[in-house]
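Each chain carries a letter (A, B, C and D) given by its place in the written order, and its residues are counted from 1.
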Amino acid sequence: MTAWALWAVAVVVVAALPAVLSLFQIVQLTVFMIYSLLALSLDLIWGFGGILSFGQAAFFGVGGYFYGIVGINSGSTTLALTAGVAGAAGLAALLGYFTFYGRVGAMYFAVITLTVTLILHQVMGTTADPRYAVGQARLGGYNGMTNIPSLALEAPGRAPLTLDPVQLFYVVGGLLLLVLALTRALVRSSFGRVLGAIREDELRTELLGYDPRWRKLVTFAISGGIAGLAGGLFAGWGNFMNPQVFSMFQSALVVIWVMVGGRGTLYGAVVGTLVVQSLTNYLGTASVTYTTVALGAVLVVIVLLFPRGLVPAIGGAVRRVSGRRPPAPEFAR
Amino acid sequence: MEMNRREALKTLGAAVGAASVPGRASAQSGEISVGSLLDGTGPINIYGLPMIDSTKFAIDDINAQGGVLGRKLRLIQLDAQSDNQIYAQYATKLLVEDKVAVLMGGITSASREAVRPVVGKYKQVYFYNEQYEGGVCDKLVFCTGVTPAQQLGTLIPWAVKEYGKKVYTLAADYNYGHISADWVKVFLRKAGGTLVNQEFIPLDVVNFDSVIKRVEGAKPDVVMSLLVGGNHIAFYRQFAATGLKGKIPIVSATFGLGNEQVVLTPEEVEGLVVIYPYFQELENAVNREWVRRWHQRFGANYAYITDSACTVWNGWHLWAMAVKKAGSLERDAVTKALESGLTFKSPEGEITLNPESHHVVHTVHLAKVNKQRGFSIIKTFPNVAPTDTMEVCDLIKNPNQAKQYTPKF
Amino acid sequence: MNDVVLQTRGLVKEFGGLRAVNSLDFTLRRGELRCVIGPNGAGKSTLFKLLTGQLKPTAGTIHFKGLDVTRLLPHEIARAGIGIKFQVPRVYDSLSVAENLWLSARSSHGTAGAGAIVDRVLAEVGLVERRASPVGHLSHGDRQWVEIGMVLTADPDLVLLDEPTAGMTHAEARRTADLVREINRRATLIVVEHDMDFVRNIAGYVTVLHRGAVLAEGTMDEIRANDVVRDIYLGKRPRARS
Amino acid sequence: MDFVAVTAFGILYTIATLILLALGLAVIFGMMGVINLAQAEFLMVGAYTVLAVTAHGASVWIGIAVAPVVVGLLGLVIERTIIRFLYGRILDTMLATWGLSLGLVGLVTLVFGPTTEGIATPLGHFTVGEYRLSVYSVFVILMAFAVLGLTYGLFNYTRFGLVARATMQNPNMVSALGVNPARVYMGTFAFGAALAGLGGGVMAPLTGVVPTLGLAFIAKIFITVIVGGPVILLGTTTAGAVLGLVESLVSYGSTPIYGQVAMLAFAIILLRLLPQGISGFWRRGV
């Protein structure tokens, strides 16, 4: 029962927030929720698949750029968002085939995904010349792609309704809860449980007759698609995409969100993102040169004091306080 | 530049206040909130920190003269951490939450292009106070920095006459570099010179070995450098290290903005010719007084007062004059006042804000790096108009524009 | 010939000069309960790794139920019907007993039928009351039962048991022997074992491996009578009256 | 003809700098399995040490000698306060050292400010045909091979080296033999940091020294070490040579942009074909 109560509370909170917050805080929270989707995509492949990918920033960027290109040229943002998701999932599947079917080790997989992101950073950085354009959408190099259309609701036969910040907040909030629910369901399904078995002992699972390669590939593609969705929403939110999304800092930041929040808890990814991003924002407004020093110090402290992340730490504390035995792993028939 | 204790604590104190009070605009009689968005940390802070100092100095200067409309200005200074996503978020915060009367900021062209859509969405006056590649034509946007027509249009004819016709262009590989390199071609053709080669270098390249070999092989009369950022300083160092400094002269439209002449030694770059509206060494009454007050406030060992710092100073004062003239903070009134051909006695000399293009007519000075890690003025060109933007952009005749023109051949 | 379940011809596995398996010819008929014995390093575990596809043979072929499985991947061989139980039980500590069994049941019978099979096998291996507890909390003996249970739920045609009684008490070993015979009713078995009592107890045909090749094959009594085996396997001792 | 000679020299120079900068990280990663994302900031601190020393009147050569000592001590302090608690937890060390690198950049900006007076490249230049080369680049190449030799010697011909290699392969056995692995890790991490300090010091007269100098190097040295594989010296040297060759050839052939992209793409292909890194074939060692 508690699970459904939690969901109900979450939906009510998301619905009520805009009434309470100032317009800027709504806009701010919208982008934090978009970042949470990106963190969620990493938590799926890393927390549950046991595979650390440094490439989620690449799928985020591809999702955003595809949204921009299709959005500017076709004018339909729904089509643009689907293109973003499909483009990112496609890249993930391609990358997955290249690595999982090549039996590449975990450390090398992380480095390959990071290198792909850095290549995209390098290549997209060189498209400043006007001739680098897809239709009317100029890639724009380091300055990035501008005048990307805002997200709009399109119904057949009716003029597209461009979302104002509050409507965008609801759409993004809804999508976040939907993806959270879907990933929870996926993780509990038989596919998800086999994935968990692969994470714990890949050889044993293989000797039981499961092919780990395509399962990892499918999970990685789904995770890439979620990151692409986040990228598309981000482009629709900021009307702007630039190669900095592919930087090493952004790639590491996604990992930091999930580590701070706590791996393998899905909610951890969302909590970690909100904590780290609001801290960065506060520091940015605080003063000029202390930002990086403070953020660096916080990261070191979290690693030393909360190695498994905040959510498991908080969960553990709550359990210790309430004296409840840790819940036995449920086994849905 | 030591961040002295008192200065640091004051910033922290002010900020905590700013952050905790949910930015409800102060009542009619209280202070006027104004927003500034620059890079205090990250790779771009070599440009940002002098601009942040200049912003605070300008606000205090305006407040010292009674502020505007009888009200003091309250500065909200945010650090965008050289991250374009943060530019977009903070611009939204300043316009939407703090409801600033004016937004100033952005250093790289990328950050400006991140801020412009937000300004368009939440409709407020935005000043971009930094040298850039020109062409921005936006009713809400005022670009007070120097543009290629003013810099390259003057520098290239002089360089062709002084050194010779064959020019080798090295540009930072992003919009600024590409568009400025195109303008180099335009003015080179006008001056009867020939472009030997043109190369675009990514911002994080540190090893210039292959580039220097190609320059050596092409044997140009002069190298036109449009390099940007800390890493590109390595080019000048390695160029000198191979002994080419004496052989092939360098002229630049970007050298000095990041205090490169401080990081490099005189033996490496003495004689390098640059062109800007402002130099700390300018001999005029306004500048001597300004530099004295600057050193009084920030300490005599301040590395160097850059052209960007002066542009920021101009931007704030032009806006303050416009508000006084308009007698209100309302956006359209202020815009009309800004489009009334304002002139301002800047430390660089008298400048005028061109109504049609929202750009500034500068006095431009040719100077070369000297032995004291500073610049010596060679020649002065008064009232050089930003023709690259004025030819294509008339915001009086057709006001609702918000795009960036690029040079067409 | 048609009842031959498993056949290897000239099977070789080289590790940089060392021939762990040395052109091994091995044939197994349906329903057999073959024991494989031999000193450490005789190639027993390497043979199991080759049969399950964990290692690719340097030369030679493996046929299972008439199908050439030499080049197949581990999961393809498992699906073809070969199950394995490791010497040190390889089970999922973080999952419950029932979930461990469910995983192998689902692999061969699909999600629908898995639940029923799990319940049946839980009873057979006597772990019904421990079904929900994480395997990590179980004793060594129980963990062996969990893995045996996983083999039972998969219901393979050929079962490879790698020293199933390692670390077990005599009582548990006897119970395991009954269970092995129970499995043998439905599947062919190869059991690698050092415990001679256990081998005599399940009394199938025996193969003695030495330096990666078959040294001798026959019933338990024939092997015991074979001098070469005794010298190699039990070490050189003054020729005692047999 | 001399263009070819000059290009070959340029390629050797690129490879030498890559090895010189990556070796410290290779020692730390290869020896202790610790991914130190602050390694590039150690380079930067090494460069700033040279600036500080020369600012006080000493010669650049003294600066280059002092840099590894200063950064080695810094490494020691960091190992004792942070890294020590994170052995075996490779991801946590990545996160902690990432925080550390942010902190170091911030601190150096606070202390030195964004722009600090630099030093010119000493030793002048010499000519090859119509091209000119800086003598200092020859010094860099010699320094790279000297450091390689020093590290090889340290790990193969000294007691500390033997103990360090043993600890790498089997920490438990080493403690059984009465050696405290923690002390070995402390020494190795400090030595890795000192190598970075030396690399940064040597680079100081070549590049503009700014607080964010490390950002230009972190990706390249990280990938070189991973592609290099478990055997430290051999792996890093071959990876440095191969990647350095690809980058400089393409840079000379076309532009530095494609040089960097080619290097990254080639690294991916190498990682895919040699899942254990170039030196994966040899047993773990030096």
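Following the convention adopted for this analysis, a residue touches a chain if its C-beta (ideal position, glycine included) is under 8 Å from a C-beta of that chain, and two chains touch if they have at least 3 such contacts.
On a predicted model such as this, the values are computed, not experimentally measured, just so you know.
Asker: So, comparing each chain's Cα centre against the centre of all protein Cα atoms, which one is closest?
Answerer: Per-chain C-alpha centroids ranked by distance to the global centroid put A first.
Asker: Take the average of all CA coordinates in chain B, do the same for chain D, and state the distance between these two points in whole angstrom.
Answerer: 36
Asker: Where the centres are mean C-alpha positions, what is the separation of chain A from chain D, in Å?
Answerer: Centre separation, chain A to chain D: 33 Å.
Asker: So the centre of each chain is just the mean of its C-alpha atoms; given that, what is the distance between chain B and chain C in Å?
Answerer: Measuring from centre to centre gives 77 Å for this pair.
Asker: Using the touch definition from the top, which residues of chain D touch two or more other chains?
Answerer: 105-106, 109-110, 215, 257, 260
Asker: On chain A, where are the residues touching two or more other chains?
Answerer: 122, 125-126, 289-292
Asker: All pairs of touching chains?
Answerer: Applying the touch criterion to every chain pair yields A-B, A-C, A-D, B-D.
Asker: With touch defined as at the start, can you tell me which chain A residues reach chain C in the complex?
Answerer: On the chain A side, the touching residues are 190, 193-194, 196-197, 200-201, 203-212, 328-329, 331, 333.
Asker: Chain A touches which residues of chain C in the complex?
Answerer: Chain C residues touching chain A: 52, 54, 73-76, 78-79, 83-84, 90-96, 98-99, 102-104, 106-108, 111, 115, 132-134, 150, 154.
Asker: Sort out for me which residues of chain B touch chain D in the complex.
Answerer: Against chain D, the touching part of chain B is residues 1-3, 41-43, 45-46, 49, 173, 199-202, 204-211, 213, 216-217, 230-234, 236-238, 240-244, 258-260, 262-265, 267-268, 303, 373.
Asker: Which positions of chain A touch chain B when the two form their complex?
Answerer: It comes out as residues 22-25, 27-28, 31, 122, 125-126, 128-130, 140-144, 146-147, 238-240, 242, 244-245, 249, 280-282, 284-292.
Asker: Spell out the part of chain D that touches chain B in their complex, as residue ranges.
Answerer: 3, 6-7, 10, 13-14, 17, 105-106, 109-110, 113-121, 124-125, 127, 130-134, 136-137, 205-210, 212-213, 215-217, 248, 251-252, 255-257, 259-260
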